[in-house]
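Labels A, B, C, D and E are assigned to the chains in the order they are written; within every chain, residues are numbered from 1.
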Amino acid sequence: MLNYTLRRLLISVPTLLIISLAIFLLLELAPGDPMAQVPLTVPPEVKQKMREALGLGEPVPVRYWKWLVQFFWIEPLNMIDNIFGTAFAAGEQRVLSWQTRSPVMDLVLQRMPQTLWVVGMSYIVGVAIALPIGIYSAYKQYSVFDQAGTFVSMIGYSVPPFFSGVLVIVIFSVQLGWFPSIYDTTHRVVDWDTFVVQLQQMVMPVMVLALQTTAQISRFMRASMLDNLNQDYVRTARAKGMTEQVVVMKHVLRNSMIPVVTVIALGVPGIFGGAIITEQVFKVNGIGQLLITAIQANDLPLVQTLTFIFAVLIVAFNLIADILYGILDPRIRYD
Amino acid sequence: MTDRPHPEDVPVAGDETAPVIHNPVGAAQPVGRAIRPPRSQWWDVWDQFKTHKGALMGAAFFVFILVAVAIGPLLWTIDPTYIDIRARNTGPSLAHPFGADQLGRDMLARMLEGGRTSMAVGLTAMALALGLGTLVGVLAGYFRSLDGPLMRFTDLFLALPLLPLLLVMVMLFRDSLRSAIGPETGIFLLIVIGIGITSWMPTARIVRGDVLALKEREFVLAARSIGTPSRRMITRHILPNVLSPIMVSATLGIANAIITESALSFLGLGFPSDYPTWGSLLRDGTDYLQQHPERVLWPGLAISLTVLSVNYMGDGLRDALDPRIRGR
Amino acid sequence: MKLKTLLMGAAAATALSPAMALAEAHEGERGRDGQLNIIYWQAPSTLNPFLSGGTKEVESASLVIEPLVRFDENGEMVPWLAESIPTVENGGVSEDLTTITWTLKEGVMWSDGTPLTAEDAVFTWEYCTHPEGGCAQASYFDGVSSVEAMDDRTIKVTFNAPKPFPYTAFVGSESPIIQKAQFADCLGARAPECTDANFGPIGTGPYKVAEFRPNDVITFEANEMFREEGKPAFATVTFKGGGDATAAMRAVCETGEFDYAWNLQIDPTVRADMIESGGMCTEVVAFGTSVERLHLNQTNPSADLGEARSTVEAGPHPFLTDPIVGQAMSMAIDRQLLVDIGYGSGGTVTCNVLPAPPAYASTANDDCKVQDIEGAKALLDENGIVDSDGDGIREYEGTPLKVLYQTSTNAVRQDTQALIKQWWTELGIEAELRNIDASVFFGGDPSSPDTFQKFYADIEMYTNNFAGVDPEAYMANWRCDEIPGPGTQWQGSNIQRFCMEEYDALVDQMAQTAGLEARAEIAKQMNDMIMQSYSIIPLIHRGGVSAHANSLGGVRMNDWDSEIWNAKDWYRTGE
Amino acid sequence: MLDATPRKKLVEVRDLKMHFPIFAGILRRRVGEVKAVDGVTFDIYEGETLGLVGESGCGKSTCGRAVLRLYEVTEGSITIDGTDIADWSPEELRKMRPTMQMVFQDPQASLNPRMTVANIIGEPLDEHRALSKKERLDRIYELMDHVGLNRDFANRYPHEFSGGQRQRIGIARALALNPKFIVCDEPIAALDVSIQAQVVNLLEDLQNEFGLTYLFISHDLSMVRHIATRVAVMYLGKIAELAPREALYDEPLHPYTQALLSAVPEPDPALEAKTERIILKGDVPSPSNPPRGCNFCTRCPQVMDVCREVDPEFREVRPGRYVACHLYADTKSAAAPNAARSTRQPSEPLRE
Amino acid sequence: MPDGAAPVLDVRDLKTVFLTRSGEVHAVNSVSFDVRPGELLGVVGESGSGKSVTMMSLIGLLPSPPAEVREGQVLFGGRDLLSVDADTLRHIRGGRIGFVFQDPMTSLNPVFNVGFQIMEPLRTHMGLGKKAARDRAVELLELVGIPDARRRLGDYPHQFSGGMRQRVMIAIALACDPEVLIADEPTTALDVTIQAQILELVKELREKLGMAIVWITHDLGVIAGIADRVMVMYGGQVVEQAPVRELFGNPRHPYTRALLKTVPHVRGERAKRLEVIQGQPPILGAPPDACPFRDRCDHAFDRCARENPQRRPVGHGHDVACFWDPAHDG
């Protein structure tokens, strides 16, 4: 197991390097210009100077190397400095966003809470709703509940969030006035009332996103349960005189959860990147919104760092999924 | 032989038409009887598929949409770009059954035109993703020496953050492609290729898994013992047997591509607004949600119902193609 | 209308203190009205307007840092940090028009409690003109040879040539004064690294930055050191960014979550509907100098010409250099309809590329305001530009009138394109539409073929304007030597490649003319010259549209300066 | 006992080894191997049936497949019809394929579910014979007749058939190219009792008709006794004992063979009651980590010290009887003086 | 075994039907049998003969749908198991009737250790505490011959060999001292040497514990070795039933006779050629109104096609469902 983990870790290093290079080269091809937002009145010479100030003058390999050093060495040092108050990275050039001229990592950290609150919560809610639906649908296969569950989850999958999002805003914000249509990222939860406010502003984005998560996970859970319900060991458990509850919720569920848990783990990175549209609709200015503004503003360092962070998350959660699989399933022996 | 009381085993053999019951082997056979034409297994699949009501309705709707967007513009001949300014922002009427948009363009015509694009994107992107996925999956599964590199490659792609990457790609190449191949085909190709090359990996993994399992099946070994070369081994024995997961992937692929295209349109990175797709119609319509709900209703329904129908088809296919479930 | 007051009236403005302008203003304690919520659907990425010239950055910063003078909603100058507006008459501007001397108001404090001095202005000049700094507003210091602090409150700006209109440096929200103490270490190449300063500039304005989240939200609080008693009325301001215009408007007009929404460029019918159905907000509009126009390529953009396409070397355009064609194209356009569909109250029909200030607006071309397709057809027919091969497209000396019509990607522009295309089709001119992502189109990347400067098309459409109220630099855009080309890395502002000696002569003449009336005369002459060449077809005079909650008082919409220029005067009404 | 005229050896297998590597560790280094077949030597004479028996996992199927070169063999030689094919490339082997064919264990799995019976039986013909459509169909019908399948079923799919019929299809396919040698890999293991006899009889009939040579792999000792001429008993990748059928069943020499035979239950209560069972203790060791010395030493009821140290040689201890066991060291082999100790050739098979 | 003792399990006229898309499949047709305390009843038949389905039907282990127990009575401990409530049935299952299945690989839950799986019925049915259950589990593992029992409680099924796993299954089935143990092809998936071990174990356990056993198999050899009484099933019904020596010595039904001839022997006389039963076992789409074996029977005559023969006693505790009498034509 340890060996396996180490091996996977080792493999992920070249994987990540290749990904970072691929992203870098891809962005290198970008026809856009970071000066696009600068008004037409700014003279070209000034624009040229501004471009150079962004480091655009240097050759590609140099910039790539610089970025690697900044990302893998200076940023971690900075993190340490922040936590322990040391000064390892003092004076080192960090990865700077072209658009805001501030360190990219600061931006990312700033956006993290919203994303975690809303998108993370929606994932949790989605999974929490999905599992019972999946379990019950499988147990009562082809029942009315199963059919309805299938239908609802298909709907959840089929309706694009930018449609459902606007729809719920019009209904719940405009018509009924229950929830705010604009998410307040500066809101701090300090007491019960502020907590209620936080809940109110989270309800709609969380539900819209959770609908999609629920759709996917419940289908998966159902399939996994169905696979296991036909297994011989279920018959054994029944033959032992176990109650249906024990049979389903203990014997079958435990086995069915193995693939589902890994799927859930694999879905986590999607939290950070996949909610771009929902964040846009509800103005939850999280990581996804950061990325889309960066793309629109041709903020290449930010785009690159963000996409790369997504890649790191994906690789990391792949690893976690594999390890979870090993932990949950005693049959798996990695060596 | 084992005696498994598994309910699934019993009925398969219980098929009334199977020779199992009425024609025991070894018995003298009447000579000269007409040889039955091959009854392909696909008929059985169809039989099973027919029993899945959702799938059947889904398929019917999907075919309806396909036909509608294919021949609809021939019947409803209003030019989707024609501006009838007096009709701007009108609701459904005889002249404009689906209403007209803010420039007075006919929504029905635009829906049909948009449907063409969306369906074309869905189908071609799916075909591309499937082709790539199947190719990689079959090669990786079949040739041991390619397995490692190809699967690493697949992992690499899986590790790329897809939606962001797709956005970046569209942003990067949109205009160069547009100028190179033309405004419509350029963006079409870009989106199709973009969606295609960012969504082949699950298919590749599934196909590889199935091929690996198939390779262990004795009929592959049997073909090897006959001396069937790899090329024919793949076309004759491997591909036909991995068709089921591929077909299920196909349905999901269409749905996925349609949704992704509409998401790109929503973010303003898909087809430009002068080129209607369901996604861009929906995006444009959301602004008018309160004033002219039909503006979002039509594209919203079209996308949702198409994806829904395709999903149900996939569900039905999955059941129909699963020999364990077939016959239940 | 206010021809006289436009500039001369500056002196009068000194007498008109801002407080008096709002005589009815609610008086009271600073911060009494609690929280103000502003939504800009594009979020500011920095609060240093010198590092990013976007409207969202400049306007959000205008709550904090201030210039010497602002323009009010009529384009008139209002002394802000300056005590008064220097003129030749009051001796503030030297006779030879090469210096201008400003005096700071007394007792102005930075929000950190230190006094504002002339040194800060000098530093601001150094900061923005540093060759490595990449200052986005450097053009405001064009021609400035030095800025000196004569004493703590006196600033002397010297120009290297006579400057008939010297109110550029430190004037308007795009040229504010920053604190030397804060930015001293941020000169030149280090400018971008001073994140703390760029995200939280210390200012003299009504608010100070409490928290800045790039591209997301800014929280301001009332500046305790603000020089005016009892202002601002709000204790805190939330300046939210992100989303889209419809959502922003919805938040003000339908759900009431916000008090002020900026730049509501959405379908006018939707806008009207929201205002009506919600009943919570008021729409405010202000017009500046923005004109949505068509540029007709005067050079040959044919791809066959390779590198030479769309340059002077390529030779003249096969038909667009003939004003008859341009005139017919212009006549075929129903500008009012374009306004109705795309702009509503946020636009008016115009026939000038220089539509404002009113003193500069020509009336010589107003015929274009009414669509006349039949007239256009007749005009073409008369001049022998007819459809000779029966394919529905007219030919000009054998060349069919087919144009490639490009613009940036934007829903309203695409609607406009579609409409114009239809009218031209009726006229017998075929248009192929093309739209390019704004970041590419306006990106100015010399290697991209799709920038508006390269103009690899026959017609392109966009909006341009000029900052401030003086059109001299703007009109100089169309000099022959401003034509972009490979020699200048495609830099240059004469996008349609218009070239006329008489025009260049007028530009030179204007640079020498000080009298405002005379300047206006010349400007109109130049405008008409371009209009009659039909190398530019103006479409719409665009204004800014914003909305504020009915409970927000004191809003004076302004397109000459930051539109929240007078946020210090805003207050909560009883509603 | 010995026949005067030596019969032709069709298959000679010498010291065949099939090792599958095990990779482990962070760098996926090769850390060991599964010795599925570990030095197996036997001959098969033309027209005879060599039974290969053993328990699951003993390597008998791997051995059968390796003989047909469906695997790359690790070591050893395989001579079929006079040519050593152990190192041949797939292209060279292709030419050899018509001579040697295989019948598989699971008639369900060994038929491509997406092909019709005619196409399955016709596949070898497509690959190796250039026949016209008509000739091909005629040949297919002929084969179907041979194995007792109704011609009407030619266009049906395998799933429409019962297990026994499917196995007939598999046999027809194996026969298509007129092979000399057929490896039958547990051909009856997946069939019902009443069907097993049908298939075994068919195999016997075909052998008589076409002079086929079989390597009959099975775990069913009673069926092997019925069909085989000589029998080899495998244990953990090695042949423990090889002997003519009668000799082996009457007087098994190797302790493993003895235990194995005694464990087979008889459908006769009277006989059952009399049978003295040798119950082996424990399980078969893993082929990736076989015990030192004799690989049966961990379970052998007659284990000696030497067994734990020295791997016994597989040698002829009586005429035609080969055993790998220390119990039959020198003294007993000396008792069979006419067995040439130098040679490792099994002698003549016994024919009835 | 005492012939007169009251049966511990008495099954009467059991009918089970599978509802499938292509119609009903009559898997069990009027099966009646009984088992007496301490007796080992062997049930022989090919796949599809209904032997497993019969046993599963008894205690409600068949999934429904598609299975449906149509008719019959299953008398156990004075109650009809087909009509008791689910909870009672559940307590009988596992508590008083133990089950061993064919494939020890898939029949154990792979994600729980064997200790848990053995202790589960102990705690449910006998209400043992954790400690007591654990001790009992160790006892059981030792009983079925698993060395180092206490340590191995924490092991997972995949860490056991096939034979050991089947021993675990037996331990689970025996956990609550059942009155009846139903073993469904428990040695089919095992090698002969391992099968011999298990058979030996079962014989030992029988002596030690004295429960009744129903042993389902298709292997006549296994039956001959351990059964007291044998029941032969074909086409979903019992065609013949007799004490073991009587059945092997004097088979009456043509099917039983053919079956005995068709299998080769490892000892004794070697048959030159195997006897063959032509054709395939039937799958019944309707309740049989004729003898299900008639198509394959060498002795079939008109009546066999008209009427389904009922079981009739022929002496020596032997009964057979056939119209043909071997005494008549030798």
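Structural remarks
The definition used in the following text is that a contact is a pair of C-beta atoms (placed from the backbone, for glycine too) under 8 Å apart; a residue touches a chain by one contact, two chains touch by 3 or more.
Source: prediction; values computed, not measured.
Between the contact lists of subunit A and subunit C, the overlap consists of B. Of all chains, the one whose Cα centroid sits at the greatest distance from that of subunit D is C. Subunit B and subunit C have Cα centroids separated by 49 Å.
Work out the mean CA point of subunit A and of subunit E, and you get 54 Å between them.
Counting only residues that touch two or more partner chains, subunit B has 1, 13, 15, 20, 25-26, 171, 175, 286, 290. The set of subunit A residues that touch two or more partner chains comprises 31-32, 174, 280. Annotation for subunit E: residues 46-47, 218, 278, 280 touch two or more other chains. Within the complex formed with subunit B, the subunit D residues making contact are 65, 68, 70, 90, 93-94, 97-98, 100-102, 104-106, 109-116, 123-124, 127-128, 148-157, 159-165, 168, 170, 173, 177, 190-193, 195, 198.
On the subunit A side of its complex with subunit B, the touching residues are 11, 15-16, 18-19, 22-23, 26-27, 29-32, 147, 150-151, 154-155, 157-160, 162-163, 166-167, 170, 174, 230, 269, 273-274, 276-277, 280, 291-292, 295, 303, 306-307, 310-311, 314-315, 318.
Subunit D contributes residues 55-56, 162, 164, 192-198, 200-201, 204, 219, 221-223, 225-226, 249, 259-272, 275, 277, 279-280, 283-284 to its touches with subunit E in the complex. Within the complex formed with subunit E, the subunit A residues making contact are 231-233, 235-243, 246, 251, 254-255, 258, 328-331. Contacts from subunit E toward subunit D in the complex involve residues 46-47, 161-164, 191-197, 199-200, 218-225, 244-245, 248-249, 258-260, 262-268, 270-271, 273-278, 280-281.
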